[in-house]
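Got a structure for you, written out below as structure tokens; questions coming shortly.
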Amino acid sequence: MHYARNTWYVAAWTADLDMSKPTGLRILGERIVLFRTESGKLVALEDRCVHRLAPLSLGRCEGERLRCMYHGILFDSDGAVSEIPGQDVIPRDAKVRAYPVVDRHGWVWVWMGDPALAYEATIPATIGTDNPDYLMGHGFLDYDCAAHLISENLLDFSHIGYVHADSFPQGDQMAKTHADIRPIDQGIRYRRWVENLASDAAGFPAEPLDHYMEYDYVIPGILMMHIAGFPLGTAKSLEFGSPDLANAVRDLTFTGQAVTPIDEHTTRYFFCYGMHRDFGTEQMIEPMMQLVRKAFAEDKVMIEAQQKVIDETPDPRMIPTSHDRSITMYNRMLDKMIRDETERQAVA
Amino acid sequence: MHYARNTWYVAAWTADLDMSKPTGLRILGERIVLFRTESGKLVALEDRCVHRLAPLSLGRCEGERLRCMYHGILFDSDGAVSEIPGQDVIPRDAKVRAYPVVDRHGWVWVWMGDPALAYEATIPATIGTDNPDYLMGHGFLDYDCAAHLISENLLDFSHIGYVHADSFPQGDQMAKTHADIRPIDQGIRYRRWVENLASDAAGFPAEPLDHYMEYDYVIPGILMMHIAGFPLGTAKSLEFGSPDLANAVRDLTFTGQAVTPIDEHTTRYFFCYGMHRDFGTEQMIEPMMQLVRKAFAEDKVMIEAQQKVIDETPDPRMIPTSHDRSITMYNRMLDKMIRDETERQAVA
Amino acid sequence: MHYARNTWYVAAWTADLDMSKPTGLRILGERIVLFRTESGKLVALEDRCVHRLAPLSLGRCEGERLRCMYHGILFDSDGAVSEIPGQDVIPRDAKVRAYPVVDRHGWVWVWMGDPALAYEATIPATIGTDNPDYLMGHGFLDYDCAAHLISENLLDFSHIGYVHADSFPQGDQMAKTHADIRPIDQGIRYRRWVENLASDAAGFPAEPLDHYMEYDYVIPGILMMHIAGFPLGTAKSLEFGSPDLANAVRDLTFTGQAVTPIDEHTTRYFFCYGMHRDFGTEQMIEPMMQLVRKAFAEDKVMIEAQQKVIDETPDPRMIPTSHDRSITMYNRMLDKMIRDETERQAVA
């Protein structure tokens, strides 16, 4: 598999974990078991018993430890075996891999690379379901496709007017004009003004405003996007530069999204979406979520169909368009990172 | 895949196509999108956008053109790209393959080979659902098997008395005696008299007649069969030769069937069946279709099971019987055609 | 596939066979058709017609013979073709393989190896549903796993306290102490006393007794187990040796189980379980079966999950514990048998 490893992947929504028992999941094709100990520590271990390879995610939390429920082998939170029933000696190599894991912004982040390089400070400063300023809904979807096809969808919003022709009002304006797209650390920044747009965040008709959309898309696949309405004329007065979000007059929304490869053929897509408290109420969340769930379903149909065509094409070749610039920019960064990791490993 | 290409394959029932939107299908493992333009022209294109390989069958018909609904690339009916949203220049190679396609006898026929050789005159002169002389039902079934297993079933009617022991009255007479089978252009002709048969077209008891059955089976898998009842003694008086169908006294029926490989493992089987207007009414169609659907279900169970056994047999070897003569005759023609195509391609 | 061939495999429960028509099944990846002739003889043939490889299990029983219902080829009970409709001459090699087959102890046993070595006397002397001394229920389950994972589960009962924590009362005593395990002909014998156990055969509370459990597990995967309750103190008075089952005072039960590889990835697991007539009534059978079905479902979840982890582990390596002794003992016998068979074949 061709993926970056020295980076934080979103593994789960913290709120969705059943903390009374372990949770099994897969990232980059590796089976991982997540559990929280009695003292509240979050642990991520290789989900494979050293004894006969049963999954520890079928196991039982016991205090600070996790017991395999096939033959009772007990694991410490660092992955070392601390008990083998019916046997006094524990082999030195009786140990599973432990992954660095952090609970932040409502997400569980797992570090898939060298643990010595796992700095928490590199976790993107996104806004999550735990942020008091935003009223948010959240969820996830599993796609039958490689992760890069979802990233490429999120890096080129010219698809909005076609894939989401029924759901979003911006229409083919997003395709006929170009956004401001620049490289940033670990990804790209996308900015676009749509002047005089006559609909609100949920796509319902409203008095026209200048709408501003800005998002960062960073490795390994984290999207953080603000949209807001400003008084007519704001875009021009700022010469189409970045506004101060504090000056928004309607619909300041945020969506955080994460694309996590389950394996080469399957991807988990996490998302939250919500309104700043100054511009909405709890009652608005469900209709807003309904809209994005409809839109994500539209993306899913297209992207999974695209994957099927690619799989059946002996020598798939793409003809890029001008809108693919952001994709190229991001993919080069990601490829360089993977190449660097491979070289570092070859040296070591 | 080992298939003839320079021949017309049945792609769909014309009546079943939703002409307000494109239809995606596969023939010989190739994805094809069918659509009808505003002016009524039927078009068959490669179902794969030049940009990022999304299927055009998820696209939108626009006048004489088809738009990919991922990023809005617009295609002419000859497969050339005529618009890329947000971009002025269209690359010269931005073009998908266009397949010759003809709407005839109620079927959509697609030419899978060299377009320069696609003569419409070579489409078999079958009787379809659009023929005013026949009252017809139609349908199709997808089989989990290679196409040749269905062809071989249709080329050897000695199976009637066993596979269809419950459905057809002819019994093992079809296995214990031999039909008259001869090579014709592109296939074989099968003729058989059953004297003194006491049942009608739908298999229900009726006064005994001499029944005559004749069918052609031609490349790439088109069956065209007439059955009719004649006065007792007709078979002998004609020395078991071909009768004039205009002299039939009961149950002059026709069935047209087409075997189209979806890919190496899946096959679409199209069929229509009906009664000549002189011998029946609209009310007879549904019971007749019920009978053939029951019989096709019997074939499907046997043939799909046969495919499974073949797949699990390391070195499958068959012992032919005398009834396999028609299969051998047809397969030799088909093999020669495929060989000739391969050689012609090697020369070119 | 790495399996012993010169041994009797359980193919079916005799009581479950529909004797009016043939039954198709697979053992070691080979398709076999079972049928009983008019005179009552049980026959097992290769399930693959010599003609076009249709499965004979879709055929029709005719007296002492079986007819393929594709084109009517008729087979004798020794596998030889005795009729080809429409043809006088039968090729000498028109013959399918016949497998030695025996109906005994309620099971149909099929010999997968050299027929010359198929001695019925080597069928294990198990207690089946036809035994008048026991009141028994029976069934089977198909597992998505290799057969050896089920054998290894049955060879190490230290899993009882974990996998079956909810179902069985013995708890982790089975893991914390060791049973008496010895090699016997073709397998291992397992014996264990649990002193002062306060529950009955079905796991419900009861006055405490000394419980004794003994089973043989023999090639190719047959488990035969007795459990019974004895007066408190019996274990010590026998110095933990084998008791006379005739002295049991409560719950003398027997379970017979058979692990038959369908192919490398799928296994059929046959089981019966019941109470000796002296200790129970017909009414006890269904609750007892409910308990074991619940326990087998627990095993199935664990073992199928284990198989998935193994399949995804590039170089699976196990760290054995002291409880794996019986597994190692049995696997060595089985490996030796397979090695001997391979060598004998190489010589021949």
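Just so it is clear, A, B and C label the chains in written order, and each chain counts residues from 1 on its own.
Simple rule for what comes next: a contact is a pair of C-beta atoms (placed from the backbone, for glycine too) under 8 Å apart; a residue touches a chain by one contact, two chains touch by 3 or more.
Note that the structure is predicted; figures quoted are calculated from it, not measured.
Novice: Could you work out the angle of the rotation that brings the CA atoms of chain A onto the matching CA atoms of chain B, rounded to the nearest 5 degrees?
Specialist: Roughly 120 degrees of rotation.
Novice: Where chain B and chain C touch, do the two copies share over half of their residue numbers, giving same, or under half, giving different?
Specialist: Mostly different residues.
Novice: Using the average of all C-alpha atoms in each chain as its centre, how far is it in Å between chain B and chain C?
Specialist: 48
Novice: Quick check: what residues of chain A touch more than one other chain, meaning two or more?
Specialist: none
Novice: Once bound in the complex, which stretches of chain A touch chain B?
Specialist: It comes out as residues 152, 156, 158-159, 161-163, 165, 172, 175-178, 301-302, 305-306, 308-310, 312-313, 316, 318-323.
Novice: Mind listing the chain A positions that touch chain C in their complex?
Specialist: 29, 31, 47-48, 50-55, 58, 67-73, 84-87, 91, 93-94
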